[in-house]
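Sending over a structure as structure tokens; questions will come in a sec.
Chain lettering (A, B and C) follows the sequence in which the chains are written, and residue indices restart at 1 in each chain.
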Amino acid sequence: MSEKLLEIKDLHVHYETDEGTARAVNGINLELKPGECLGLVGETGAGKTTTALGILRLVPDPPGRITGGEILFRGENLLNKKEREMRRIRGNKISMIFQDPMTSLNPVFSVGRQIAENVSLHQNVSIKKGMSRAREMLELVEIPGSRVHDYPHEFSGGMRQRVLIAMALACNPALLIADEPTTALDVTIQAQVMEIIKGLMKQINTSLIMITHDLGVVAEVSERVAVMYAGQLVEIGPLRDIFTDHKHPYTIGLFGSIPDIDDRESTRLTPTKGLMPDAMELPEGCPFHPRCPEAMEKCSRETPQSVEIKPGHFVSCFLFS
Amino acid sequence: MATEATTVKKAAVARKQRTRFQETWRRLRKNRWALAGLTMIVLLGLVAIFADFIAPYGYNEQNYFRILEGPSRDNFLGTDNLGRDVFSRIVHGSRLSLSIGFITTSIGLTVGGFLGAVAAFYGGRVDNLIMRFMDIILAIPGFIFAIALVSALGPSLTNLMIAVGINTIPYFARIIRSSVMSTKENEFIEAARVIGSSDLWIIFKHLIPNSLAPILVQATLRIGDTIIIASGLSFLGLGAQPPLPEWGALLSAGRGYLRVAWWMATFPGVAIMVTVLAFNLLGDGLRDALDPRLKN
Amino acid sequence: MADKLLEIKDLKKYFPTKQGMLHAVDGVNFHINRGETLGLVGESGCGKSTTGRLLLRLLEATGGEIIYNGENIQKFNRKKMKEFCTQAQMVFQDPFSSLDPRMSVGEIISEPLRVNRTHSNGKARKKKILEMMEFAGIASRLINAYPHELDGGRRQRVGIARALVLNPDFLVLDEPVSALDVSIQAQILNLFDDLQEEFDLTYLFIAHDLSVVKHVSDRIAVMYMGQIVEYAGFDQVIYEPQHPYTQALVSAIPRINLDEKRERIILEGDVPSPVNPEPYCRFYGRCRERQNFCKEQEVFLEEVEPGRFVSCLLRQ
């Protein structure tokens, strides 16, 4: 179907180290429509960032390697592209913003110049044209255009993250991947940045993959939510289904871990016991079964397939198949 | 960007449950040059320990029938102006040179290490006082300082070691100071303070053990340097006195006979060179192996 | 009347910098009753961690008093200070840098015993370590493991066992879960809850995230630029915040309840520099409700209703 912007089919990414193979991403299937916002949720080591880097073919190699699957962007498999072709896609049609706004900007160039160079590189326009685009973009993220000549150290953390958003969107990408864009920021600053992202998503027709461990952030921008655990998607569905009617035992534990400020009654959190398995020693069968309160004998033998339990709401768990 | 890759790596290290020593050793083993250096040092150490068995003659065993003879089957590195076997003198001399290296470095390490740790730990005026004093020592050319000191105290092996030892103090003080300064920033130092630890407890139990890696590298490299300085002083007649077969002294004695008996000066020179090279190779290898940024 | 374990009066800590005096903590007052938890909440750089460190004299205060159990701890000599250490302990934020990488789990937990020369008998000491490990939920087989072999959650448990080994009454928890993943965070929060009951502990829980302190705090103090702007019971602060800053902070918490509609207050700009602050309300520049008179006088924390203190001229 032509209305899919991105389609990931059975993606596998492994890291080969001296100690063995870490299976960071194990068979992910994901689709994204144009203009859609998807929240990709999971804890440290679940494989969220690796998935994102995989889409951009930026998995550090060595030790990382994409060992299988397809990534179709507008119907073309990115995994078959030459490095030169990928460079034309990165920062242009697919952009990414990272967690740490401090290290993502080059301290020796003004922010305007950094944006302008990106624009002139991808769109074949002069630096001067690029600068006026930079000014326009800064104003879009509510930074006065007069600050295009300022250097990164002259901005605060929250403003730097906004500059990065401006830079990522300067070439009108079809897809923006945001990797924990607000994690390093204070709550009130995070609110500013989230407000800007939300506003921008309404204005421009860019798809967003919001990677985060914070379900509160997901609730604000996403239309659909995908929950990752140990390199696999355990549950994916519309925002409301995932937040009010989550089915996978891991998702239930995840929501049980979060103090809900609006819930005045509960006095205790109900997290899943134990730890996520090491990517080098993933258990047989369902990766969650050693921690799962509902584990059955079957779970340690076979890997569950994704089952559609409601329109658009998929769960990978034997309880539902 | 590669945060996940690094967590994966961290997990890998954790999984194998290696101590830091094993980890360092594993990485050192991969470095061929460092391993060569280590092998040479071990061999030299064995030679020094078993010198009495290895050397065919005593270090002062004179044979007036064989003066200034070239390498032969009986004296395969030749003989000197008193008919002593050059090979045996070098073998016995390894004891002197290696112990000079180790002892002077230990002096520098303990005194410099303590001063550097104290300077870094207390900071402010104490730091200023100690480090400016170290700067003064550094401002005097090392060799001249040692010559002055030995001349004042009288030439002997002990005074030589003291002089060279003092000379190395500032190098250790600086290294340890900067290492302790970065260790000090860790929360576990505050954690130690919270339980009521005394300053000395913190310095000896936490700061120094965690600052050891660069010190080890520096010490290894310094041993080579001190052997050279000590040999130089002995060469000038300020160190080991005849008939002690210190390598520098051998070199000095051979200098006068360079035209007639090249082997007298050449072989002690080679011994010095090989030893210093070995320590430098090992030191460089250790530096790489202990650097967490070069993890592979 | 509740029994005050700790009370601080007009606590100040200034750091000299090249630009001038940095007012990290500037006239903070609060008390903690025995057995309760006070949440100290604020954004980075507001002085909350400095306050925690002042309470244990890891830093010396520039001014003010710290009264613990009726005694001013700033007047303690070395011997009294050592005794105080056995009563008041701290759990640190970073589970990676707060444990000495060269010590095993057993050594880390037993260090306070060795430093304070209690349990000199090796057997008794080991028994105590194993007991603490069990309380903190660390498997006894890990006694000889090194910190780098453990994940963040386990490391934090080691830090907790260490803080408890001297049987303290009071714990300063300096953002103890902010470096952890949500499910581990929840496990550790539950552990604090259990330990408080088990050992009758009093906590000062420092956090940048209001929702984290939800299940553990009885009262909350909100800090902004070295001062407390609002100080009240948990429900009062969360459900009816009064200070404009607290209102913005509460509204900024990302919610997981999709049906709870609320207006979000977006603050303008960033936190201003705490170097040489002006002698009026620190929040003035970002406040939505600022009035001209706010700039004309100093503002102090005042009780506006029973148990609720607010530092805002508009509410007093």
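Heads up, the rule we're going with is that a residue touches a chain if its C-beta (ideal position, glycine included) is under 8 Å from a C-beta of that chain, and two chains touch if they have at least 3 such contacts.
For clarity, every value in this text was computed on a predicted model and none was experimentally measured.
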item	value
Chain pair whose interface holds the most contacting C-beta pairs	A-C
Distance-maximising chain from chain C - centres being C-alpha averages	B
Computed distance of Cα centres, chain C from chain B, in Å	49
Chain A and chain C: spacing of chain centres that average the CA atoms, whole Å	32
Chain A and chain B, separation of their C-alpha mean positions in angstrom	53
Sequence positions of chain A contacting 2 or more other chains	44
Junction residues of chain C, two or more chains touched	151
In chain B, residues with contacts to at least two other chains	13
Contacting residues of chain B [partner chain C, same complex]	10, 13-14, 17, 19-20, 186-188, 190-198, 201, 205-206, 209-210
Parts of chain A lying in touch with chain C, wherever the complex brings them together	43-44, 156, 158-159, 186-192, 194-195, 213-217, 219-220, 239-240, 243-244, 253-264, 266-273, 275
Chain A-facing residues of chain C, complex	43-44, 151, 153, 181-187, 189-190, 193, 208-212, 214-215, 235, 238-239, 248-258, 260, 264, 266-267, 270-271
Chain C to chain B touching residues, read off their complex	53, 56, 58, 81-82, 85-86, 89-90, 92-94, 97-102, 111-112, 115-116, 145-146, 148-151, 159, 162, 166
